[in-house]
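All chains are identified by letter, namely A, B, C and D, in their written order; residue positions are counted from 1 within each chain.
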Amino acid sequence: MVEYLIIPVIKLIVIFSVFLFIAAYTTYMERKVLGHMQMRYGPMRVGFHGLLQPIADGIKNLFKEDLIPENADKTVFVLAPAISITAAVILLAVIPLGPPITIFGRTINLYIANPSIGILFILGFSTLGAYGNILGGWSSGNKYGYMGGLRGSAMIISYEISMAFAVVSIIMITGSFSLVDMVHAQTGLWNVFKQPVAFLVFLISGIAELNRTPFDMPEAESELCCGYNVEYSSMKFALFFLAEYIHMVVFASLVTTLFFGGWHGPAFLPGVVWFFIKVFAVIFLCIWVRATFPRLRYDKVMKLEWKFLLPVALLNILATGMVMAVL
Amino acid sequence: MEQALILICGIIAIATAIMVILSRNTVHSAMWMVGNCFIIAVLFLLLRFQFIAILQIIVYAGAIMMFIIYAIMMLNLRLSDDSADIVKNLLNGRYLLLALLFIGIVILGVGFGPMALKGTMTDQAMIKFGEVELLANYIFSEGLLPFELVSVLLTAAIVGAIYLAKKN
Amino acid sequence: MFDYVWLIPFLPLVGVLVNGLFGRRIEKANKSIIHWIGCGSVGLAFLVTFIIFIQMLRLEPDKRLYDYTWFTWMESGNFIVTVGYLIDPISMFMCMFVTGVGFLIHIYSIGYMWHDEGTYFRYFTYLNLFMFCMINLVLADNFLLMFLGWEGVGLCSYLLIAFWFGNKEFAIAGKKAFITNRIGDFFFAIGMLLLIVNLGKHGMWSIKYTDVFAHVSLLSPDLITLICILFFLGCTAKSAQIPLYVWLPDAMAGPTPVSALIHAATMVTAGVYFVARCNILYTMSPLAMQAVAIVGALTAFFAATIALTHNDIKKVLAYSTVSQLGYMFMGLGVGAFAAGLFHVLTHSFFKALLFMCAGCVIHGMSGEQDMRYMGGLRKKMPVTFYTMVIATLALIGFPGFSGFFSKDEILWMAFSSPNGNIMLWLIGVLTAAMTAFYMFRLIFMTFFNECRASEEVRKHIHEAPKSMTIPLIILAFLSVVGGYIGIPKALGGSNIVEHYLKPVIGLGDGKLFQDATGTAITHGAEAAGHHFSHMIEYTLMAITTIIVFAGIFLAYTMYMKKRTIPEKLAEKHSLFYRLLLNKWYIDELYEWNVIKPLHTFSVFMWKIADVIIIDGLVNKTAQFFMWCGSMLRHIQTGYVQRYAITLVAGTVVIVMYYIFSLYI
Amino acid sequence: MAEYQNIYLILSAILFTIGCGGVITRKNAIVVFLSIEIMLGAVNLAFITFSRANNSPEGIFMVMCIMAVAAAEAAVGLAIFVLLYRQTGSINIDKFNLLKW
């Protein structure tokens, strides 16, 4: 009973709140980092150096008026943010945060589940996030939202492919779909050194999956005035926003797990700490990319995927296979 | 416990399936269909086939249904042409008769028919099969030829789809 | 031991494939490669033949039989046909001169066909194909493979006669040859099937020569006669005998080397070869032998009379060929198989030579074939002239030349053999006289007196190129010497040919094929010496010679001394002259008696039976189904879901059936 | 596992029948397409059940093949629908009857 119900529930609650907290503070981090990169301070007012800003934003969103446009398909309009946040949160279930720890004489694994198909689980459910975007954009009955939804879903479907192919090469050298096995396999050398090409492909297509700046097709403020969530307000908007940042954190964890050796690190710090250090490093990288690159034109985005990333990922698989066959 | 789960899932599956064909709005149909796919995946999980379950989600929910919704949106379809008389059509006598016949036959055949084939594998092995390694071994040894043929089929489908969708 | 015999047919086949498949490109690149391939393959084939021939000669005479099986051609129950080649004296004898003379003619063709643009490779492909078929015909060890070659040479003959198919007359000549040959082949095939079926009744499911000849006693004499006659009908078409000779003179439409190769030296002797090959069958059927002899003699005489009046140089030679083939069949018919084959050999030398000389003349005369517009070529074409005179002397049987020995042998056999009689001899001698006359008529008209050609043609008259004259000289040499291998005993020779062929001919001693136990007639060559003294032989020889001289003299007076005589004669006996000039109206006879009725019948079948009855039936059937379709098409509503319902209903029915069959 | 197989099979049959009904009655081509997907899902379920009940791997393999076929079908089918829509401005399948007599 304890083994199968209480501990998982506790783990669920802990991990869920930790990641929600991290996601909330990622918004703060983004604003701060961007601000400093652009020679300004970012939020400063609420709390020390604006530390309470995310909480203030949350409260503000909660109390805003909830608008539903007349033209909207109401059911879908309400459903879309829910889908989005669910698809994001569900991914947390399989991410291993650290090596097993012992509390009160019990060995506790620092993950909710370790299915044999872990990475497929992530690939499968991360795509579902696109439903939120596309349905939200379509259901609001607004042409910008509609355009954003279409563009976003097309891009996500496309980049999903090269992302999966980059993962395939990792699966090949690991010989398992389980994320825990993947971390274990990197005890000696991190995958980023074994599979640099796959890492780059994964990073680029991952940023695209997140709809982040060089690839922020569905939102594209200057073109589509915020795209799919143009009609959303208050908590629904907050859910979209949160989902996006949870996605980003999960993506950072995934990069850490797949390429940076998960919780592995010098012994002077516990594994969980190493894991989060790496996660924040990757998040920082994402923010840095956002601050650096301009948005690509839509057709160039597609061209980059189909004519560059996909062939490169395929060739990488081929090369991996050949090297494995030789060794 | 398990039986109850199966029954609940089954009822949900049937309900979502019926909603697919009853919805007047095409997008709603597609969304019910996504739900149906999920429930089928859950049923696969209950049958201890993790791999097939996640495949069901990736392929159906992730790819096919995404395509379909995408297509619906591109064509900007909302209400179906026949939205007025869906129920009338469904309750048409001959269709109902056919459907009842069908269910009856399958229940007759399935419920009391003997299970003639018996595989050579044990239950444990089959559980393993639900994971990945044994299935991979099977695909790349005995099932290699059909597997490759399927890949050819997919390639052909992609080429065909691109050709069809291309504007001249 | 002779296991490489397959090379002989294979080499020309390689030539066919290379020239036939890539010839157009090769010809564009370098024309001379074509004839290097064409001639080279045949030359190599000749070389292989020669080696095998020498090897065979070194064996004991009664061991000169080797059957090489290459592969199984077809198999049907017990009946197995193999592709195999038989090496024995008779096949090597034929193969030697087929490849040898063929090779010379290939070389000659280089010069003759060089100016044909774009068809050069086609020509050599056909020639090589012909060699392939002819070698198959000669070397085959069973009837069916021989028939393959037999049909093949017919095909090549058609292709080559109609080589310049742009000319409608030539194309018609080709068709005529082909169809006439088909008629013969039809009888031939029936004969072969009869043979297979009747041997099969006795459990002998093989048509190899060796097996057939060993088991020929299983067949009843009447059946053998029937088969022999049917075979002979096939031979009359291939070897241009009465009644199916009509195609050969028209076959002169083809290029002259083709006439030399096919219609004088090799293909037309296939019939002679075949009868000689089946001599065991024929000797068992006196009636068939009689028929062969009589048809041969009649043909010899008949064709010679036509040749008397013709003015086309090639036609004259063509009729002369028919006439000489008649001689050969006469020889075979009286049982002198060796003599017949000997004449085949010598005839192939001098007739090929004659045609090639005629080709040189035509070549020199810019394509003119009518002798009335020739004359005086002696000075301008010396090589051609001398070789042609040698060939003519050989043909008319001038003492000392090859034709003398072979022809004399046949005439002597016709007189002395138990199957022969004085009438056959008389016809033969008369024919010889006519031969002498028309051949010298040809020589005088062509080479002597003043040139009657037009001014323009006269300017271009020239000797043929080296590649054409060298084969002439070689053949001229052979025409003279070739006869000396067969000097009869009466003249102090030993008749090598007869000795050489003895193991395979007839039922004498040392035969290679198992003989039939039946009551065959005594062999002519054996019996001849016993009945008659050398004195009679000398007398007959002298008479022949004198008559030949008379013929020459007559020609000399008519065409050298008093050149008005021919015209006067023609006027005086205009009926007879026109009869000869129009070939006894045989073609017209066939036209009225065979072709016209056939044509009428065909038109009837076409207009009534085919169009009205059969087509009507088919159309009505089609209309019925169209009507059915127009009724049924209403099912095709265009509504996908209707189809789906039908599909589901069908599935329900099928599944129901299985479920209920499961429970009941 | 074997004791539940009949539930699965009956469920599969019902789902298949519902899909069938959709194919037969609906006029909207995309809904027809979705109904076909329901049928495929039902078939997959049956295959998996048989595979489990009989302890044989062929069923699983078959399901993978069916999924591949479904994906191919979706790609080509949707391309055709888009094309038809461009041509006729509708995807009512009763309007596509050019091949009728």
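Going forward, a contact is a pair of C-beta atoms (placed from the backbone, for glycine too) under 8 Å apart; a residue touches a chain by one contact, two chains touch by 3 or more.
Bear in mind that the values here come from a model prediction, so they are computed numbers and not experimental data.
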Most widely separated chain from chain C, with each centre as the mean of CA atoms: A
Chain ID, smallest distance between chain and overall C-alpha centroids: D
Between chain D and chain A, distance of the C-alpha-averaged centres to the nearest whole Å: 33
Length of the line joining the C-alpha centres of chain B and chain C, rounded to whole Å: 77
Averaged-CA centre spacing for the pair chain C and chain A, given as whole angstrom: 92
Distance from the mean Cα position of chain D to that of chain B, given in whole angstrom: 6
Multi-chain contact residues (two or more partners), chain B: 55, 63, 67, 74, 95, 98, 102, 106
Contacts with two or more other chains, residues of chain D listed in rising order: 20, 24-25
For chain A, residues that touch 2 or more chains besides their own: none
Each pair of chains that touches, named by its two labels: A-B, B-C, B-D, C-D
Touch list for chain B against partner chain A, complex: 25, 27-28, 31, 34, 50-51, 54-55, 57-58, 61-63, 66-67, 69-70, 73-74, 131-132
Footprint of chain D on chain B - complex, ascending: 2-3, 6-7, 10, 13-14, 17-18, 20-21, 23, 26, 29-30, 33, 36-37, 40, 43-44, 47-49, 52, 55-56, 59-60, 63-64, 67-68, 71-72, 74-75, 77, 80-82, 86, 89-90, 92, 95, 98-99, 102-103, 106-107, 110-111, 115, 117-123, 125-126, 129, 134-135, 138-139, 143, 146-147, 150-151, 153-154, 156-158, 160-162, 164-165
Sites on chain D touched by chain B in the complex: 1, 4, 6-22, 24-28, 30-31, 33-35, 37-38, 41, 44-45, 48-58, 60-61, 63-65, 67-76, 78-83, 85, 90-92
Residue numbers on chain D that touch chain C, as the complex places them: 20, 23-25, 32, 93-94, 96-101
Chain B contact footprint on chain C (complex, rising order): 645, 648-649, 652, 655-656, 658-659, 662-663
